[in-house]
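Alright, structures below, take your time with them.
What follows is a pair of complexes built around chain A, which joins chain B in one and chain C in the other.
On to the complex of A and B.
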């Protein structure tokens, strides 16, 4: 079995973001990590191959610096990597999907494709869908359980109000995963060392026939979400505090 | 010169035979345009008064989609045919679990850009403001596609009445299901609960709740408030609450009019998931907890005293 895992190199969400100019951010001091949802995708793919045999190939679309994320994925047990190189952390999920598909076509048929349910930087939550459409295969996103039986795939995904649905589809298919699916492993030193010797194939985006100028989404402005200045602390006994809180929420804020 | 009016479809979500509150906010996001309400019911006439009150010009009953196990691939294809039938320039929906999934499918089929989870929408300008970097920033994005596709964050835009005609019509699509997937089971174990993303009020618990059982104290308060219960990542990782109610990074982003954080210290990642709430209240025993420096009202005290007292006052 061959499994592709699509991974994104993103700013660590523990960082604060510094806006630079009108429509950009300053990434010079920012630590980058594997997109957190993609860790669940990597863990799932690696454990399936450990059980059933085959190989896991990670594909990353990103800048040169994304090589750190690729090494982290390889250390988790991925067999080899494809790095589609770009000049920018581009926004357009349609182009990302086209690039991923082109790389998969070049590399050869995959039985399963895992992605995270979305990325924590651009928060578009659409690359899995666009990739599946380009490949002409089914997709389910927000998946917290996966089981395989021959070429039949059964997944559980969230549909709101805490309710879930169980969906069956044929492989190949795209599965976008979320927290709850598994516990991603921490690579041991040996695996980190081994990862340094694994193959990373580098492809330049334009060599896949993708033209960045065909993007349809443009950032016009980036601003920090305003912070609040600090709480008004309510005083007195518990009863006084709670009485005042209810009054404030009803009369001043009108939210009750 | 008169401003161009865009034919704008709004996908209406239904709950207990009524229009969901969150869909009314999406209609307000489309105010000023010629609005087609796309209603997934064989007969939407019972909703005419409500939809017309919130600015709908045309109420379209979409036939044959009431089955709750309908394939999302089919539903997306049906909506694509509706877009073509009415010559829509824009299509808006709610950024809940269902809307996000459906709109991503539509965007993929049409290869049109989709702006998801927006807090402000400018249909003629083909622009919207949306969360970026896990809720830490707002980005204004402009798109150049033919169809303007956008989902709106629940509660981000307050519904405002704007009476219109609300003319009834029906639509039957000839779209076919590609037959790629089948929904074999719906699990509604926590059925009847309010959706966390869509709830107008959220009360969340952190590690200080100490046990899963103690979350019942928040349930009781949420029932009185007409809200939903959320949890911090620490509480979820400790096994006190299911991941489906985690607020913040690797969980959900919520934007209720009132957010009450109980025993939550206030990590950057948690704030990212709720900082666009209208009013934030924190209850915490530690007066130096970071959350007090970034919220509106605070009570320094033991949650096991304060929360039951609050529930009683409501």
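On to the complex of A and C.
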């Protein structure tokens, strides 16, 4: 069995981001990680192959620096990697899907394709659908359980308000996964060291015949979320607190 | 970024910059000492920068500094009781600590440390490998020799500890403000007048830079030299271990680069790798508050594998986190603390070399004391900011030295090992000649100082460091003997030399010096400089060359301290000017019984004892050169010190060597200088005496001229000290009667089994036939002949007792016959 896992190299949400120019941020001192949802995808793919045999190939569309994320994925037990190199952190997800498809076509048929349900940086939640569309295969997103039976795949997906639906589809298919699917493993040091020797095939985006200018979605402007003003704790008896609250609402905040 | 609505006070007594463990501890202690109007500015949030990711080891074992040992004990105690005071737990957990010794040299080092630590009140016990296994069952102990176990040590949560200190400070009225960054200080008349911030100015008398890895950049804005450098520092956290043994102590094995402790059911492995990586040489980004550095697995892999092999189960565990965060390191692995020489009332406490949590409480207490009273009250000679020079702030210097300094933390600390990186920064005019002579150089305040000379035809290297006798001890012995019996040449160009000139120069120097330095022309006077408490700020020589021209010569380590002290004590209306002549004069010392004959060969000046007596100084002609020649000695022999214009140094050196042939002149290095001065009992400030000592206790009472015409700084304190009667504390020499053992530092002297003090500096004295050290004898009773000769003296060296002899008078030539002949 051959499984593709599509992974994104994203800034850790714990970072302080400094916006640089209109539409970018200074990433020189920003720590990047595997997109957390993609970790579930990696874990699922690696466990399936451990059980059934085969290989897991990770595909990353990203800048040069994404190699750290690729190494992390390889350390989790992925066999080899394809790195589609881009110049920018932002890419229209239709182009991302196109690039992923092109790389898969070049690499050869995959039985399953895992992605995370979305990325924590741009939060577009588009790629699984666009990729499935490009490949002409079924897709289910927000998946928290997967079971395989021959070429049938049964998945449970979250559809909001705690409700779930169970869907069966044929493979190959695209499965966008979410939290709860599994507990991603921590690689051992030895695996991290071994991962350094695993193959990473590098492809430049334009070599796949993709022109970034053909995208339909562009980053126009990047602004920081305004800082929240501090909470104010009211002290004293309940009466005092209520009086003060009314005063603050009337005089300071002028909402009453 | 949008500015928060912050009410900044307009005035403060003290403004602390930086809300890490250090800044919060200073704030806490200032508050507790009753200092009013203290403001702490934190650029982002408390603990951001380095404190938040500190490992939190609260270890008292390991230091050979009395000051540091006391501070470590204080820290452990404070973390223990802060919760009761503030209601906030510091997370202190006394799980215990074990230092593992995996080879003979480490065992020797830790036994020496353990002996000294016990003397300082730290309850450390040597335990067997099996006992290590019992306490830390996950460790492999088959190749260990012993462990050093402190049951009461443990760990603290650095964030909680800092927050508790901050709460304690707030309770005492300290104003802690987050989200405000300092952008520089306001200066007025050479002193601090306020602090500029992103939210306006604060008028303030004192500022304390506790900005951790940003301290250097913040200092630079105001021209303050704070040469610390951030470096990568790693730890790894494993996933949980099923049935992890409970209550495991912290285990440290420096030979495997690691320390190990439990962390949320798994293990934390901290690393101090031998070759390290400085980070952000051009400056740490402003917003790197809780940032992490991408781990360099390629570089760290081999070190990590070695560290994990000590606790093999870690090889089978997943890595939850391989963390890399920046910590600040300094050129000599000592912190940067004290009042900046460049600006009055600008204090610094930074560059903690990974021991901020351990040292923070004690340093905070000390700084609070220093700020409030002007007196630190502990020995600061090892970490005073003024020991550092501006060239050490250079990009290249930091780049090269930091590679070595972090790694030094876990190296075996051999006694005679010198830093190997960033070398060759300063070379004397005769460096190449000394090299031709086979000099082995060591780092002497950045200068290449000849330590010893190889015998003809042999290699000038140290193959392997040792705690025992090295191959080059024979060279050292030969140089020592040549100094006693014949004549030696020593390059002392690294000494700090200052000209003090002007109509009031003599008056000013006489006021700063305890000795009478202004009476006689052409005379050199050895004198201490005291502070108003009557304690030693420096010791040095003052030579009166002309009525209005004086030469002050100070040891290399005290260069900036002495210069600052001198300048700061010249009254504004005095006509006295200081010029640093260190680079202008090379200094060559010609010492030994044959030195007069040799000098007479190269000059027409009459060198006889009658016309050129001890302490005489004058300019003489040597060949085509003019040199200042003073009859002085630091080895206890007839001898001369030559101050030669740098450009004429090679010429004079050539003449000395040529004329020296018939006297079999030997080159001698700093090892010989050290052993010769040690047997004569000459003091070395910063090594065997410091700012907590007074001249009487250190045996320098003869230099304190209470009856001289002028007043001097510290006079009142000296009068009071004398009035107190016989001394109960005196610097003494100790000689090991067995010729075999060696003394380095921190060996314990006992009288009738009772601790009397520890060796502050030691050497091997070939004339006396044994190792000799200087120590502060503190019996808490009167020290008279009956006391000295009445007891059974012994010295504890690495846990073994040896018979010893103790003397207040110099063991060598106590009547000074050799130097005055």
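Please note the rule applied: the second predicted complex is superposed on the first by the 235 of 256 C-alpha atoms of A that agree within 3 Å, B and C clash if a C-alpha of one lies under 4 Å from a C-alpha of the other, contacts with A are read in each partner's own complex, and residues count from 1 in each chain.
Note that a residue touches a chain if its C-beta (ideal position, glycine included) is under 8 Å from a C-beta of that chain, and two chains touch if they have at least 3 such contacts.
All figures in this text were calculated on a predicted structure; none of them were measured in a lab.
Once the two complexes are laid over each other on the shared chain, residue contacts for A:196 go to chain C alone; chain B is not touched. Once chain A of one complex is fitted onto chain A of the other, the partner contacts of A:4 are absent, as it touches neither chain B nor chain C. In the superposition on chain A, A:167 makes contact with chain B only, not with chain C. When both complexes are overlaid on chain A, the residue A:232 reaches chain B alone and has no touch with chain C. Legend: residue contacts after superposition of the two complexes on their common chain; A:16 is shown touching both chain B and chain C. When the two complexes are overlaid on their common chain A, residue A:92 makes contact with chain B while staying clear of chain C. Once chain A of one complex is fitted onto chain A of the other, the partner contacts of A:114 are absent, as it touches neither chain B nor chain C.
When both complexes are overlaid on chain A, the residue A:133 reaches chain B alone and has no touch with chain C. Looking at the superposed arrangement, the partner reaching more residues of chain A, out of chain B and chain C, is B.
Judged by the document's definition of touching, chain A residues 14-16, 224, 227, 230 lie at the interface with chain B and also at the interface with chain C. On chain C, the positions that touch chain A within their shared complex are 1-2, 4-5, 236, 238-239, 285, 287-294, 297-298, 301, 304-305, 308, 314-320, 322. Of all the residues in chain A, the ones that touch chain C in their complex are 12, 14-16, 18, 28-29, 31-32, 68, 71, 185-190, 192-193, 196, 224, 226-227, 229-230. Of all residues in chain B, those touching chain A in their complex are 69, 73, 96-98, 100-101, 104-105, 107-109, 111-117, 127, 130-145, 180-191, 193-198, 201, 225, 242-246, 249-251, 257-258, 268-269, 272, 275-276, 278-282, 287, 291-301, 305-306, 309-310, 313-314.
Within the complex, the chain A residues that touch chain B are 11, 13-17, 19, 23, 25, 36-37, 91-92, 94, 97, 120-126, 128-130, 132-134, 137-142, 144, 154, 156, 158-170, 173, 178-180, 216-225, 227-228, 230-234, 238-239, 241-243, 245-246, 248-249, 253, 255-256.
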